[in-house]
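Two complexes come next, and they have one chain in common, chain A, joined by chain B in the first and chain C in the second.
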Partner chain A sequence: MKTAFIMQKEIRESILTPKGFLWYILTSVILSVLSYLFLTNRELSLLDQGTMLYMIMNFITALGVLMGLVLGADAFAGEIERGTLEALFLSPVKRREIAAGKLCAVLTNWGIIFAISLPYLYIVGKGGQNLLPGILYLGVLGTLLSLIFSAFSMGLSARIKSMKNSLIISFFIFLLAGAPIFLSAALRRTWFGRIFDLLNPFADAVNTFDSVVIDSQGLSYQTGRVAIICIYTLLCIWFLKRSAAKVQM
Partner chain B sequence: MIILVENLQKRYDWHTALDGLDFSVEEGDIFGFLGPNGAGKTTTIRILTGITRADSGRVLIDGHNVNTESAEIKKIINAFPESSGYYEWMTAYEYLEFFSHLYNEKRLRRETCKLIESVGLQGKENHLIYTFSRGMKQRLGIARALINRPRILFLDEPANGLDPKGRKDIHDLLINLNREHGTTIFLSTHLLDDVERLCNRIAIINFGKIVRTGDVKKIEGKGTIEDIFFLSTQGGAP
Partner chain C sequence: MKKTILTLSMIFFATMLNYTYAAASGRITISINPPSVQAKMGDRITYTGTITNNSGKPVTNLITYISLANVTQGKEAPMDLEDWSANKAIRVDTIAPHGTYMGKWPMRLIDSGGYVAYITVVDKNNNIPVISMMSHLDIKRVLRLNPNNVLPVAIGEPILIGAVFVFISFKRRPGVR
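Let's turn to the complex of A and B:
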């Protein structure tokens, strides 16, 4: 129950302050521009529906991950710097309840971003054969990735206690996770690229979207990658639980 | 005794914050905890309230060990930290409601308004906290510390930033809490006037050690609190 009150507080804070609201506006604006370009630009509109859907799904996932990292970095370190965490710690709330409330709030924010993206996904992917499975995979894997990166970032923020340093490390992790997008196809086919792709949950999600939306492959092709994402989810939640229990002023 | 502290030690990397602290507080005391800046007052309060763990030593609050029975302790204590921050996007009412929920306190609106009134913020219930002055925020912080009607109240420099009237209001509130409800008050301050006006017992801390403790009246017989403070803390802060 206390987790719910913490979550409610965090969500209100997201909506009433630029902390979260900015993400919603950013999502709407960028998705609008992207969708417009996909549908009107001569070269981009030559892409097949599946590729367009895949590209926009990658973008939404990246946005969700980035939001999770930024909100996670603020979770403990930000509250310590603003002097608000001490009052929370004085109240009879377990630290894991605080962490759970904050994590649920980040997931709610991801849910809002996902909801905002639905009309854009429909417009870009309508007529294509894999729109519905694509949306389903984006919903599930996006939620798991949001959990992974926000839990990791929150755990880091609890241990480092400096918002600036948590943010710097979180951005580094984001760049590392997003590397598959920046790496060339040739590099991704090397042994290093393959291992990196397999062990990187973000790459696993992107490759799953590729497999589902473009190659129309079923669930049996995705189990390995989804299992790795699930393992990361459990590991990061465990890391957050351990880190939250150790926070001291 | 309601607070018992034995051989408390705390180090931050190379800096020794507390170096074998020993003292006790009786139920119903207004206990003044004095010391120069950096003497270890805030660290002591953080350990006593369970926010920070000591490296060694023992703290009992009403017979409960602070390291192993923090849930029990949190029911009977509350604190006003020195560097208290606020959710500035909330109204004063929402802020207290939020903490009431965390204490499982089913509080009626008029009870919360009464609490707001008791710290002199009447009429400000629905104002956003970011519009408050520093003194008003201090008062709101004290109201939050009273939300669970604590038996022991820890206050870390509660009069900082308050004007003379604000200070007097807070003094009256603390005296009333102590006399009417028997609340034990642990007051960390370097405002010696506050100590003389409010406290019946004091302890002076310097370099993480208690250098003087006793009844205010007995100490005053040997000189003013100010004299005793400066005599005890010669050498200044670490």
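Let's turn to the complex of A and C:
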């Protein structure tokens, strides 16, 4: 109940505000440009529809993770810097509940991004292969990735107590996680690339999307990667719980 | 005199090369099937390569792969098959004497134009790779994208979210209840 109260407070303060809504307008504009280019540009429209769907799914996931990181970095450090955390600590709410409420608000943000992206996914993937499984996997894995990165960023924000620093570290982690996108296919096939791909939750999600949407592979092919993402989710929630319990003014 | 020696040497080397090629291709032969394909963008086709060991001894450690070259006028270039095919190279451990091996290369047709596909077999015991005949692939362009389907969403959704944004801004204005 208290968690729900904190969640509502967070949603009111950071999502249902004109500034917060600007994010969604920008998200929508970017997705509009991207899907319009995919479908009408001469070169891009030559891509297979499955590939288009896969690319837009990666983009939506990265966007959700990025926004989760920013909201997570603000969760504790931002409140400390604004001097509002003290009032929150004085209320009869446990720190664990505060952290859970803030995490649920970040998940709501991901939910809104996912909802915004649905019409775009539909128009890009309509008539192509594996649209429905793709949306399903994006919903599940996007939620888990959002949990992983925002819980980590929140835990960091509680420990470092500086929004700027926790944001910079979170961005570095995000870039590291996104590194497979910058690596060539040949490098990713080396032993280092394979291990890095396997241990990196972002790469696991991207490879799962590839496997489901482009290669039409079933759930049995995805279990290993999904299990790794689940382990990361539990680890990051545990990290957040520990960090929230230790947070001091 | 020099010209004569040079010409004779070239004829000699060409003969040797031809002989070696014949020997190599005599031991292993490769065929590609289907010999020609007409399809449209987005279709999935499968090329089958049949490697035959014509000798009385087993052949081992062969590498076989498919190549695709764009032969459309003005676009002539070898293609990177990463987006076209999931299975580019196949390693064949052994083919028994007078035996055959069948390799399959499923392919998703990404771009329109005229192409040729051919399969190469590399045998590390021979210096010359064995190459199949070329299979002609003609891919027709598909205009599956109707901009009218995308425009209502691409324009409508940002406007809709913008309207909600304006509504929230108005509601949050001081003095508005």
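Just so we're on the same page, the second predicted complex is superposed on the first by the 243 of 249 C-alpha atoms of A that agree within 3 Å, B and C clash if a C-alpha of one lies under 4 Å from a C-alpha of the other, contacts with A are read in each partner's own complex, and residues count from 1 in each chain.
By definition in this document, a contact is a pair of C-beta atoms (placed from the backbone, for glycine too) under 8 Å apart; a residue touches a chain by one contact, two chains touch by 3 or more.
Remember, it's a predicted structure, so these values are computed and weren't measured experimentally.
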Please indicate which partner A:Gly224 is in contact with in the superposed arrangement: first for chain B, second for chain C, both, or neither.
-> neither
Could you tell me if A:Arg82 is touching chain B, chain C, both of them or neither one (first, second, both, neither)?
-> first
In the overlay, answer first, second, both or neither for which of chain B and chain C A:Lys2 touches.
-> first
Report the partner of chain A that touches more of its residues: chain B or chain C.
-> C
Which of chain B and chain C A:Leu16 touches, first, second, both or neither | both
Overlap of chain C and chain B interfaces on chain A (superposed complexes) = 16-17
Going by the contact rule at the top, pick out the chain A residues touching chain B in the complex.
-> 2, 5, 9, 12-13, 16-17, 79, 82-84, 86-93, 248-249
Chain A-facing residues of chain B, complex | 46, 49-53, 71, 74-75, 77-79, 81, 83-87, 89, 98-99, 101-104, 141, 144
Residue ranges of chain C touching chain A (in the complex, touch as defined) = 41-42, 82-83, 86, 108, 110-112, 144-145, 147, 149-151, 153-155, 157-158, 161-162, 164-165, 168-169, 172
For chain A, which residues are in contact with chain C within the complex?
-> 16-18, 21-22, 24-25, 28-29, 31-33, 35-36, 39-40, 45-49, 51, 116, 119-120, 122-123, 126-128, 185, 215
